[in-house]
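See below for the structure under consideration.
In this document, chain identifiers A, B, C and D correspond to the written order of the chains, with residue numbering beginning at 1 in each.
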Amino acid sequence: MLSKIQIAQRIAKEIKNGQYINLGIGIPTLVANYIPDDLDVVLQSENGLLGIGPFPTEDNVDADLINAGKQTISMVDGSVLFSSAESFGMIRGGHVHLTILGAMEVSENGDIANWKIPGKMVKGMGGAMDLVASAENIIVAMQHCSKDGKSKLLKNCSLPITGINCVKKIVTDLAYLKVLPEGGFKLVERAPGVSVEEIRSKTEGRLVVEGDIPEMDL
Amino acid sequence: MLSKIQIAQRIAKEIKNGQYINLGIGIPTLVANYIPDDLDVVLQSENGLLGIGPFPTEDNVDADLINAGKQTISMVDGSVLFSSAESFGMIRGGHVHLTILGAMEVSENGDIANWKIPGKMVKGMGGAMDLVASAENIIVAMQHCSKDGKSKLLKNCSLPITGINCVKKIVTDLAYLKVLPEGGFKLVERAPGVSVEEIRSKTEGRLVVEGDIPEMDL
Amino acid sequence: MINKTVKDAEEATADIKSNAVLMLGGFGLCGIPENSIKALLKKDISGLTCISNNAGVDDFGIGLMLQKKMVKKMISSYVGENAEFERQLLSGELEVELIPQGTLAERTRAGGAGIPAFFTPAGVGTEVAEGKEMREFDGKLYILESWLKADFSLVKAWKGDTAGNLIYKGTARNFNPMMAAAGAITIAEVEELVPAGELDPNQIHTPGIYVQRIFQGKDYEKRIEKRTVRE
Amino acid sequence: MINKTVKDAEEATADIKSNAVLMLGGFGLCGIPENSIKALLKKDISGLTCISNNAGVDDFGIGLMLQKKMVKKMISSYVGENAEFERQLLSGELEVELIPQGTLAERTRAGGAGIPAFFTPAGVGTEVAEGKEMREFDGKLYILESWLKADFSLVKAWKGDTAGNLIYKGTARNFNPMMAAAGAITIAEVEELVPAGELDPNQIHTPGIYVQRIFQGKDYEKRIEKRTVRE
């Protein structure tokens, strides 16, 4: 089973040189720490920044410079600041190549639910609906099962959905899977020590297993 | 009969303090010279400038600073530069209060034709269709009749139109008229020495004359 | 050049009455119109509709207006940092309309730019799309969204001039420029107010044409929600 | 930071082929991509669709591309300064689509911002509205217009950095920012190219994300169509 950090590490290997990337809150934020040094990529913060740098030093904390998770941040050489309209223009216009975000549920046709649980206080979708409706490549980082043991890879989402037919890849604590264009979760890699049978038993949606499934190389 | 300069002078008297104004090419451009000094107004150039100043001195000509008529210009204190999308956002959004432009024909319901003559080379509408569809107040500056003596104040425009139900006021070499909401040209003032009868004979559309019509005070 | 200067937040907000529709700039607590909010809190008004990406926190920003029960309806993309907000929402005292963040930004931009409606992919297939017109372009589905406008927009900038031209700083820009354009009356507060002519015309984020009143704010707290530093 | 630098206009435009759809920034001759146009003139290509507010003059800008008969179709708001243009148009060699200037700007902006269609009042009741969907909002009529995109956008800025961030000067900004965002491949030429990090992040007009290739241009003529000076 992968730790959260290992999920982030595995996702980081999907990143390609020259990409503009939006990282959601939680595990996706950790991905930034594992992007290979030889890749030039740019991280977007949808509140109005391209080129997210590391967290600031104590002396450089600036209340006027935060990320979409409201954390204080820094910039890098070549960073640029802009309005929310420009920011979501970039996102909707397909200029941000890759979005990595968390999910409560993903369905076998790539629907994602990650913003609302009936009966609980609704906090809002923030920028998630724009992001999942727009990027050509969307990777979900999440646990394979919920805390009470239910599969989060479903035939159909049970929670209110955030977007349809959008998730392309999923990395969980158990596996790396691709969502097939015709529907179904194609198992690509197993987490070290996790069997295909365990993944199958914990995947409610259609799991496609073809040939030997290698272990992840982290 | 008014000269072109006198038409511009009469229109300048319609300008109110605090207005943002777009001036078209020709007589409208001359209006800038006669805005009373005690009024603070801002002139917009739809290619991306608020705050048009006077033409530059020979030493200050800058190829990167032109007006919508492609003339070199200067800026004033408080000027601001922006893109064409922002500029027409201002126009469509009703932030530019007053548009003054020329016309080939105006109809009694406020339609305007000023961009195309069938059989002649079409140059394009430029920003005119956006301007006339947007400003709350549109004043037309033109000759009352064409060079071959035909009235330009018509029941219906004969030329391809630029916008409908938009012209509010017209100042010609003969008269100052308002377009009535229910249709018709209401005669407000006569040019010095011009009779109501002459204006009537040269206005093809419905002319509304109520009471004594004063001469313009220029 | 037209001079938009007023004395302070109290003068700027004097004619904001109960049941007004307000836009308030800011993302979280970053770039919020602190002075104008404080001035509103001194007024005896209620029934406000507030369009703002977030709703502040319990003891700052729009959260303080919620405490005083001045707000009838919030239109936001994310409202999750606020216990009093939750209480009023669950009790039915407060109405909330949640909008995808990009759609909120674009609807506001449309309000200022005279675009009554546009198609966006955000929310297709979700409850956001319910009751909305849907249409396919180039094989992808989009929903029709309409413009948003306000009676008053309260924005915060870093520098401004007496003509109403504004420059924001860092990510405090966020929704402020679009809201500045979408308000019938836009009230801008700035950290530094200079005479028209001192700002570079080429480097202004919000042209003064959108701003009806401007004043130099004071005592900015600029609270940080999540102070995060390098280890 | 991603480095977008290419050597020169020839390298930047090497893969532009016949029948491509191009956007070219500029208003009149102000802010046009002089170097990229010169590089195109050396190529043996034709059948181009050019989206540009104007069509240059007989001996400069897009006018030179018309002379070489490289252009099949112009999409513009105003094309009136060009005798060769008129000749080709009247002879049927050249197709022209005229669009209101604000609609051209907004359709281009929509192309970059992922908005497939929007309503605008410009052209209601005119031949521009023929065949287009019309709808009333708040008692006023609007027509539906669709986005514009290009295979290649050729833009010109004043300063740029290796990450593709651009700053324009004066009214040379005009259509350049929207076209930069609406091109599948955007080629930016700048008068001064600096390393990423040298431009103020708060003062950039076009974020580098929209720019795929950037180079420092040379020998700018910056012709003036109507030199007008104070008397």
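One rule holds for everything that comes next: a residue touches a chain if its C-beta (ideal position, glycine included) is under 8 Å from a C-beta of that chain, and two chains touch if they have at least 3 such contacts.
Computed from a prediction, not measured in an experiment: that's the story for all the values here.
Among the remaining chains, those touching chain B as well as chain C are D.
Two chain pairs are in question, A-C and A-D; the one with more C-beta pairs in contact is A-C. Put simply, the chain farthest from chain D by mean CA position is A.
Chain A and chain C, compared by their mean Cα positions, are separated by 29 Å.
Here the CA centre of chain A is 36 Å from the CA centre of chain D. Once the centre of each chain is set as its mean CA position, chain A and chain B turn out to be 55 Å apart.
Chain centres here are Cα means. That of chain C falls 33 Å from that of chain D. In chain C, the residues that touch at least two other chains are 106, 109, 113-115, 120-121, 169-170, 202.
Counting only residues that touch two or more partner chains, chain B has 81-82, 85, 88-89, 91-92, 134. Contact topology of the protein chains: irregular, matching none of line, ring, star or complete. Each chain pair that touches appears in this list: A-C, A-D, B-C, B-D, C-D.
Put simply, chain C touches chain B in their complex at residues 1-3, 109, 111-115, 161-163, 165, 181, 195-197, 201-202, 204, 207-210. Of all residues in chain B, those touching chain C in their complex are 18, 20, 40-42, 44, 50-51, 75-82, 85-86, 88-96, 134.
Residue ranges of chain A in contact with chain C, taken from their complex: 45-49, 54-58, 61-73, 81-85, 87-89, 91-92, 111, 121-130, 133-134, 160-165. Listed in rising order, the residues of chain D touching chain B in the complex are 27-31, 53, 76-80, 86, 89-90, 96, 98, 100-106, 108-109, 120-128, 158, 169-178, 205, 222-231.
By the touch criterion stated above, chain D contacts chain C in their complex at residues 106, 110, 113-121, 135, 137-138, 140, 142, 146, 167-170, 202-203.
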